[in-house]
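You will see two complexes here that share chain A, one where it goes with chain B and one where it goes with chain C.
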Partner chain A sequence: MGDVIAEVRSFLRDNFMLDDAEIRDEDSFMAGHVLDSTGFIELITFVEERFGVEVADDEMLPENFDSLRNIAGYVERKRGAAAA
Partner chain B sequence: MTTPLGDPYLLHHFFATTAARLPQKTAVVCEGARLTYADLASRAEACASLLAAAGVGRGDRVLLFLDNGPDFLAAMYGALACGAIFVPVNPLTKPDKLAYLLADTRARALLTHSALAPAWRGPVAAAPHLQVCVIAGDPPTAGDSPVRMTRWPAPTMPAGRSDPGTIDRDLAAIVYTSGSTGAPKGVMLSHLNMVTAARAVSGYLGYREDDIVACLLPLAFDYGLYQALMAFKVGATLVLERSFAFPVKVLQTLAAERVTVLPGVPTLFAMLMDMGSLGSHDLSRLRLITNTAAALPVEHIRRLRALFPGATLYSMYGLTECKRVTYLPPEQLDIRPGSVGRGMPNEEVWLVDEAGTRLPPGSTGELVIRGSNVMQGYWEKPEETAQKLRRGADGEVLLHSGDLFRTDAEGWLYFVARKDDIIKSRGEKVSPREVENAVCSHAAVREAAVVGVPDPVLGEAVKAFVVLKEGCAATERELIRHCMAHLESFMAPKHVEIVPELPRSENGKVKKTALG
Partner chain C sequence: MAAPRDGRLEAAVLRIDPEAESSRIAAWMREAVRDTFRRRGLVIALSGGVDSSVCAMLAVRALGAGRVFGLMMPERDSSPESRIRAEEVARRLGIESTVEDIAPALEALGCYARRDEAIRRLVPEYGDGWRSKIAIAGGREGTFNYFKLVVRSPAGEDRELRMPLAEYLGVVAATNFKQRVRKTLEYYHADRLNYAVVGTPNRLEYDQGFFVKNGDGAADLKPIAHLYKTQVYSLARHLGVPDEICEAAPTTDTYSLQQGQDEFYFALRYDRMDLALWAFNHGLPADGAADALGISLREAEFVYADIAAKRRATRYLHAAPLMVEPVALP
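Coming up: the complex of A and B.
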């Protein structure tokens, strides 16, 4: 779980954030305007490619993607489902 | 509520009249919260009392730097009730530009949210005219800022403030728009301008009291703002979404709330139609779909009509400088799908040649607009104002749109091109100069040229051609990120190409037509 958080944080830092900006695990990307609608599409593409999961239309929800913690939980559930 | 004239004539009268008539009706649905007209009125009253107590009065500028939500609406009506002028600011705005807006308007008050603090903290501390900063969300921390920071006020009952004496010639709003010189220009809109536009647009679209109007566009964007103004004018319910970042969530809300009116821009409709699961959401209540900001591709018009057979589709064209210019009556859609229509009610439009002479049907020329919806000018920019607002043959001020159109034999209008080099991406205006300035502020960049390139979803995507300083290195991604830190995200280039030099004409000017 920590790996997913670290990798997504580094992706956001490299692509979207101000140099000195901090983001906590539970911060909403939407509320803090870290990402806009096209930014979320880039984020979802990154998650699919980097973690080998396929994101269905109806999984593109804030509870799965709107914070580092939510993404980590989502990736873990997807991997668990794939392994089962 | 009765106004001094009996009928509503100021922008906020329409909301106040409806709130008095339908106090228990749901005015706003936002992120699970439902507010009645009475709830929203008491929140607006609380903002008005706080602003008045802080010394904000007639003609003062009040910046609204807020996401879509009831707070934005309460702040807007609160400011108007004090006689102040509201300035909506896109919540994607970065510190540099917010500082410019605070300085340019000499704003007395800023209403914002704690989540946006990274953008406002610096600019607020350096804004000499700012007297009060009202913050929703987390309570403000005591800092060393010279500006008074205060928490968002709790709803209150009307408190018998003195009437600021506003008349319909007074400014209601200043809405900033990108200019080709790079510095954003404030479009000054009087109460009469906005009342005229809201009446005409809600009239020809036929907004009704039983409508459920979706607002997915930012309230800081004028067609988003007008959804609130028009819904509240007729006593409808407004379903406000913070963003279109999660289309499935938005669709679930549209279905659950049984939305009847869906206003959008081409990018929003393109994203919607890209979703495989669109058909699984019950949107059978939709009766109106309206498009603005840029023309819908004819293929998208066809698909939208096939997807939503029960809804009527309106193609429209507008400018912040007068809100709406034209609309195509839906019965014309099959006859001339590429047309943006004709002038709206209570407004006159026609084409002129370079000398300003009126052209007959079948011509190509610049579109000019005459009506009470035409702006008062650009805030403290007399030269730019003089270019756009010019006296016609009969001495009356006309708005020169800067856009070229052609008319068919029957006088219907078709968009041809812009006269300036402004890019339209995601329905927003992007000034190439503003983007070039941001790219060039990177230490490794010697010069840059920015153009729009076709993009299936965005309409036009922003592309920067960049020449690096000798001995310097920077990656494309690094330059995009640098722009993201200084510009609203829709302005940041989607593509960057590093080139050894820019193509130039004989007189040394960058030849943008050679880029793409």
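Coming up: the complex of A and C.
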């Protein structure tokens, strides 16, 4: 989980020119207005390509992508489902 | 109008006195052209839709038919009906107008080739005889907004794919040539005639950023940007806009497959989107709006969130060029 968080944080920092203080593990990207809809598409594309998961249309939800911790949980569940 | 006392939303909140509002806008347009801009008339692009038709009628009311110049600017993907409707408006108003076919300019700029190249990255066989459009998804269901590419093969087979960002931006950037070439021609005629240019967004479009920056978003005055689309229809009927325009569903007339405005951009059909925006603007809680909108409380909350998100996301479109510090003009 820690690796996913670190890699996504690094992506957010590089791609959106964010400071580390703006991307704490639990912070909501939506509530903090850190990402807009274009930003989420970029984020989801990164998650698909970097972690080799296919995000279905109905999985593009805040509970899966609205914070670093949510993303890490989502990637873990997807990997678990693929391994099962 | 104030929020209803019982907190429930109803269509009556959008009712206006169309005669009083038309007079108010026409007086404002006359003052803007004559006193603020010191120009001699108005250029208006006629799309064949209700917004530009109403603006043209208001312009004639403000200045007289002799000071209004209409432009029809079809291109390869325009529907033939749009031009027929626009010509009917010009004829009915008795204004001078001309048709500028913008397809050769778009061809020269690579509008179609660049768009098709972006589409072919997703659908390699896309080419002659194929048609396409972009449709919005998400927003109302609680998922993030994203866009789908819809293509129809020459055999009539439809396919729908989620668009990665680069392809979405590529198609939109190429397509935006259409609005920007049109605006270039509007200003050509405005400069030639010493006229000002009318922008035709309604409130939904203006508020939610449904326009192309330096394209249809550019204008000298925007006479109906404060009116909800429902109110624009009320003016249209009052001012005598042809029935076929008042009765047609709003489309973008930008893609080769017909595309409703709600399908491309808004979470709901325009009449319900109007009510949702009105309720949002007046601080009505989502549960007071849901019934009137015919959606669940959860969906109403998503629509509210979508309104706020689109405002934030399109702030860039509204922004004038930023400067380090203000420069006082003489």
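Assume the second predicted complex is superposed on the first by the 79 of 84 C-alpha atoms of A that agree within 3 Å, B and C clash if a C-alpha of one lies under 4 Å from a C-alpha of the other, contacts with A are read in each partner's own complex, and residues count from 1 in each chain.
Just so we're on the same page, contacts are C-beta pairs under 8 Å (C-beta built on N, C-alpha and C of every residue); 3 or more make two chains touch, one makes a residue touch a chain.
Since the structure is predicted, the reported quantities are computational estimates derived from the model, not experimental observations.
Student: For the overlay on chain A, clash or fit between chain B and chain C?
Tutor: On the superposed model, which is not a single observed complex, chain B and chain C clash.
Student: Does the superposition put A:38 against chain B (first), chain C (second), both, or neither?
Tutor: both
Student: After superposition on the shared chain, which partner residues are touched by A:54: those of chain B (first), chain C (second), both, or neither?
Tutor: So A:54 meets neither chain B nor chain C here.
Student: Going by the contact rule set out at the top, does A:14 touch chain B (first), chain C (second), both, or neither?
Tutor: The answer is first: A:14 touches chain B but not chain C.
Student: Of the two partners chain B and chain C, indicate the one touching more residues belonging to chain A.
Tutor: B
Student: Just checking: does A:62 make contact with chain B only, chain C only, both, or neither of them? Give me first, second, both or neither.
Tutor: A:62: touches chain B and chain C.
Student: Which one of 81-89, 117-125 or 153-161 is the stretch of chain C that crashes into chain B?
Tutor: Of the candidate stretches of chain C, chain B runs into 81-89.
Student: For chain A, give the residues common to its interface with chain B and its interface with chain C.
Tutor: In chain A, positions 30, 33, 36-38, 40, 57-58, 60-62, 65 sit in both the chain B and chain C interfaces.
Student: Spell out the part of chain A that touches chain B in their complex, as residue ranges.
Tutor: So the residues of chain A in touch with chain B come to 14-19, 21, 28, 30-33, 35-40, 57-58, 60-62, 65-66.
Student: Quick one: which bits of chain C touch chain A in the complex? Just the residue numbers, please.
Tutor: Contact set of chain C toward chain A: 137-138, 141-146, 162, 164-165, 168, 309, 312-313.
Student: Any idea which chain B residues touch chain A in the complex?
Tutor: 67, 91-92, 115-116, 118-119, 242-249, 271, 275-277, 426, 458, 477, 480-481, 484-485, 489-490
Student: In the complex, go through chain A and note every residue touching chain C.
Tutor: So the residues of chain A in touch with chain C come to 30, 33, 36-38, 40-42, 44-45, 57-58, 60-62, 65.
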